[in-house]
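When the chains are written out, they are named A, B, C, D and E in that same order, and each has its own residue count from 1.
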Amino acid sequence: MTEDKRTDTIDIWVAGTEEPEFQPTFEGEQEIGPEETGGRLAEQYGSVVDDDYLFDDEVSEDERMVINMGPQHPSTHGVLRLQIELEGEVIRRTKPIIGYLHTGMEKTAEQLTFGQGTTNVTRMDYLSPFHGELAFSLATEKLLGIEVPPRAAAIRVLMTELNRITSHLVALATGGMDIGAISMMIYGFRERESILAFFEKTTGLRMNHNYIRPGGVAADLPAGWKDDVAAILAEMPRRVREYDDLLQYNPVWLARTKGVGVITAEEAVAYSITGPTLRATGVDWDLRKVFPYSGIDQYEFEVVTGENGDVYDRYRVRVDEIAESLKIVSQVMDTMPKGDYRIPDRKITPPPRARIDESMEALIHHFKLFTEGFKVPPGETYAAVESPRGELGCYLVSDGGPKPYRMHTRAPSFYNLQGLPIAMADSLMADTIATIASLDPVMGDVDR
Amino acid sequence: MSWAEIGLVVLRVVLTFGLLLVVTVINVWAERKILADMQNRIGPDRAGPWGILQTVADGLKLFFKESVTPRRVELGMFLLAPFLAVVPAFLIFMMVPWGRPVVIGGNEMPLQGADLNIGLLFILAMSSLAVYAVILAGWSSGSKYPLLGGVRATAQAISYEAAMGLSMVAVVVFTATQGEGGTLSLSEIVTRQSGNWGDISPLFAWVPRWNVFPQIAAFVIFLIAIVAETNRAPFDLVEAEQEIVGFHAEYSGMRFAMFFLAEYVNIFSMSAIAATLFLGGWNGPTFEGVVPGLVSALLPTVWFLAKTYAIVFVFFWVRATLPRLRYDQLMTLGWKRLIPAAVVWLVVSSVVMGWRQFGPPWS
Amino acid sequence: MGVFGEFLKGLKVTGGVMLRTISGRELVTTRYPQEMREKPQRFHGRHVLNRYPDGMEKCIGCQLCAGVCPADCIYVRGKDNDPDNPVSPGERYGYVYEVNMLRCIFCGLCVEACPTEAITMTHLFEMSTTNRQDAIYTRETLLMDERGRVPHVFPNDPLADLSELDAADGWLKATAPAGVAAYEGFVMWRETPGPGDWSPEPSQEERDRRSETEDG
Amino acid sequence: MVEAVVFVLMAVGALGGAAIVVLARNPVYSALGLLGTLFSVAVLYVVQLAHTVAAVQVIVYAGAVMTLFLFVIMLIGVDRAEMIEESLPWQRRIVLTIGVLVVILAGTLTVSGFDWVPAATVTNPGVTSGTVEAIARPMFTGWVLAFEATALLLTISAAGSIALAHYRRRDG
Amino acid sequence: MVDPGWYMAVAAALFTIGAVGLLVRRNALVMFMCIELMLNAVNLTLVAAGRALNDINAQVAVFFILVVAAAEVVVGLAIIVSIFRHRETASVDELSELSG
């Protein structure tokens, strides 16, 4: 079949018409990337990082098979598509193909006011919605030049750290599931459920909360929140020990994760990989320490690092970060300040409901804020938080109107995903799954 | 051979077949229910009491579902593979005695499909045939993931059958010391496990004379090997749904149901063989004279089923707990751990048994 | 023994969970339609259009909810009241009121925006339909009757727990102070007929005190 | 009577399988044809009361050898039709002619009652049941040297095949 | 009892088919399978003759042939695999390096 014929064939079959002749796809002819690079995958991807990928001339073409893993695959964590060049069961090259969950959220953000924007960004990384909201709110507040009340900041830290736990729990659960520990799946989600119940009690929703907003948080913590948080704090360490019993020293788990999907510190930095994936390589980089936000620097916690940057270290870093987050949560619980939890600026925060009936000014503010939204001074800014997956940043450009001129999200999953080809080169098919799971990409975050 | 005898042969084959079908239906449900319990879930509970009819409902659904035939399949092999999966699975169980022989109308009828003098060899032969279904299903699907499953299946089956065979040999050698001459017949192996270990020392008079006690290592090796042989977790690389979706990715409807059936029949058959070889088969107290005759005639079957289900439960338990091995680790475990261990155990236990029977070599 | 010991540890975990599940001490799933989960106060569910206790509609057709909705799922058209037979106490009332439940993201902004607490949320979430048209809730299905009972689109739905429709909107109560601690603990809304509990959320001192006493 | 029926069926199966081996374009079908032949031959062993040999035939051939064949076919991906180019143009015709002649000869001899096993008519055959014990006894007495030699051969071949198939990547 | 001659005839036919296939086919794997066919034919004659002569040694010989065949297959397939790795072909016509 010549090149021309292939491109000319349009395989669209209208029901009721005669079915066209079956045109098989020759996936072996699909190109993953130029082979002449002589083993320098780095050059293909525009980086100087040397990779251990080696193109062996002695191996014939026949022994290689290109398979498409995904977008409909049980363990590509959504709709990630990987083109994998296999030699037997050994992966030689990988090309991640994204865009199957592209929802145009960054563009949508230009149509929503800053007040509505949190409903949008919370849906990008749907496993850590609070972090998305927090990054957007911090950026907006930076443009506005305001500082939120201490209670709001504390609530934000409380919620984002709890959210980090739920997100890591999902990573552990799905990671366990992908490696075949099916009970881990349910256990991880079981504990996540108890925290989600607290989220639901606070925000009314289990995910995509629209709770952290520019100027503070939408609502105060519910009555009895201390009991709920205390229950979580009491329960989680026991559960984490249970995971350790199940997996931590399990020889099969160790064999499946140790030395698998290795990303070195240099590679991680070169590909701007952040989060647990970076820390697992031993780089001591955590935005909560380096660029503290929302007053998180007043709480004591450690930055967890690994050594080898393999799947096991990423798993370990996540488990340990759960413990660190619990530390922060417990400190927040003990030191929760009293007072307002939204900035009492009537140009940004709507008036209390009681004031609408009493004050004409309040009514006007209410109407203005909910129809037009508040105006943000022109300028551009970038604010980043440490999401469970890494640096989640929000780049905002305002032209002085109530809607962002441009919003861009630095999505950690997107950058971490670029480490996939180097982590997977020359590994086995089964390691692919472990590696993807350990990078913990959220496709909504990748494609936005 | 009189007509009555022929009738009894037909009857026992039909009974064995029926028993296998019934326990398979229960197995599928039991696995889901037990896995649910191990994961804080309820599990199937809609069809029938405690969802016990769930398997029937699933079977009906699959039966009425369209069997899709993809375009790039090798049709003949594609259609043949499900049958190749089911037939050896059923044939294996035909060798297993599942109860004490009963006497009907003056004719003794062993509760066993067939009692061959090369029973164990037959089991090995059939279990080695079972892999063809997986290979052919993977290859004939004309799709890449099933093909990978087929390739994995070949390597896995070869590796673990050796370990399984060697641990069986250890039992055969041991059985030879327990009676007149060696035997490969399963019914004979079961008979030789009746009684207790009182002759070793009066302390052990309460311990049943099961092979598992002197052959504990062989038992462990055999258990690991049958889990691998039936492609169950943690050795379920063949159908690892998180990785390669499985060799039966292109199958649907009744054809898929046959693979499914074969898998669960295999689990039960292999557990039954383990119970027969190591746990004394249907041996157990029958309370003759204390309970009605019919009950004491059925009790051995109950013991057999109880022992088998204990091993089936281990299958499920392990599945709920362990992560899946990787392809190369599977090979390493098979060739570098299990087979050497089986060989060493075979040599050691043979030497010990020879010593016990014939005295030290210098005598 | 180390390797087997670690395996046994894992088996112990799953086995222990199994025993706990069988004995009923720990179970995370429920038999859903038979056993309903109790939802928290602030749960975001199906919308409802409220009335005053005297039967007047609260909606004044101001379109704030439609304006703030980030999903553009609300459509409102106001109409002048007939002075002799008013529908709402104000000048205008919501003549057309539609919520497209297929678009709605249940963010709760409409509840926060409504100046008269006309639109609030209930705890009902069983809203599946077999027909897109049925997912567009109109004035007839949204508006509560004069006794404060909320209609359900499918009154015979076996899955729906209709008592969820009577729950008062916790999100309205939670967001009413708009971040000002001093306003917490006060009723800031007008009464609505029906069985919902419309007492306000407690103040911060009250919350902390409650937590501590419940601890002890 | 039973033996005759089984014999006819299995002989047809064996020859049919063999024909598939030679005629099939696709090596996978060749392998399956061979599998059919091996299985039929195993059944022929059974009707001749060579039970152990039959079981070993299935275990070794069907269980290991053919699995290996299929594994290699799939591994190196030659499951495609081969090129039908003949480098020795006359070979095929001659071979086929001779083959047909031999088969006809065998058939003729059998039908004409040729005495294939002359000694059998003299000794009046009884029935030797090929149980494990019956085979093991001569194997470990008279044939013990051959047995040890076979064991050595197996070890050497295993080592040799590992040495052949084991190839190291350049990077090491 | 079927006359051993019939078994011999079937074995002869099997052997011939195997030999023909060995000479006609060019795929190394299929040629290998043809060798297995011929070995099986020989085994069949051995079992048939052994039964006719009431001699168990025939079956012992068959046993040895089976083992040797297995060993041969293992080595042969290893050779084919390693040749294929280097030459990308399983056709014996293209393996003419040794013919000088």
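One rule holds in what follows: contacts are C-beta pairs under 8 Å (C-beta built on N, C-alpha and C of every residue); 3 or more make two chains touch, one makes a residue touch a chain.
Note that the structure is predicted; figures quoted are calculated from it, not measured.
When the C-beta contacts at B-C and at B-D are tallied, the pair with the greater total is B-D.
The chain with its CA mean position farthest from that of chain D is C.
Chain centres here are Cα means. That of chain B falls 34 Å from that of chain E. For this pair, chain A with chain C, the centres built from the Cα atoms lie 29 Å apart. For the pair chain A and chain B, the distance between C-alpha centroids works out to 45 Å. Rounded to whole angstrom units, the spacing between the C-alpha centres of chain C and chain D is 76. Multi-chain contact residues of chain C (touching two or more other chains): 7, 10, 13-14, 17, 28. Shared contact sites, meaning residues of chain D that touch two or more other chains, fall at 52, 56, 64, 68, 75-76. In chain E, 84-85 are the positions where the chain touches two or more neighbouring chains simultaneously. Listing the residues of chain B that touch chain A in their complex gives 35, 38-41, 71-72, 144-145, 148, 151-152, 233-234, 236-237, 240-245, 319-329.
Of all residues in chain A, those touching chain B in their complex are 22, 24, 27, 65, 67, 73-75, 88-89, 176-183, 185-187, 190, 246-247, 250, 252-253, 255-256, 428-433.
For chain E in complex with chain D, the residues that touch the partner chain are 1-2, 4-10, 12-14, 16-21, 23-27, 29-30, 32-34, 36-37, 40, 43-44, 47-57, 59-60, 62-64, 66-75, 77-82, 84-85, 90-91, 93. Against chain C, in their complex, chain B makes its touches with residues 34, 36-42, 45, 317-318, 320-322. Interface of chain D with chain E (complex): residues 3-4, 7, 11, 14-15, 18-19, 21-22, 27, 30-31, 34, 37-38, 41, 44-45, 47-50, 52-53, 56-57, 60-61, 64-65, 68-69, 72-73, 75-76, 78, 82-83, 85, 87, 91-92, 95-96, 98-99, 102-103, 106-107, 109-110, 113-117, 119-120, 123, 125-128, 130, 134-135, 137-139, 142-143, 146-147, 150, 153-154, 156-158, 160-162, 164-165, 167.
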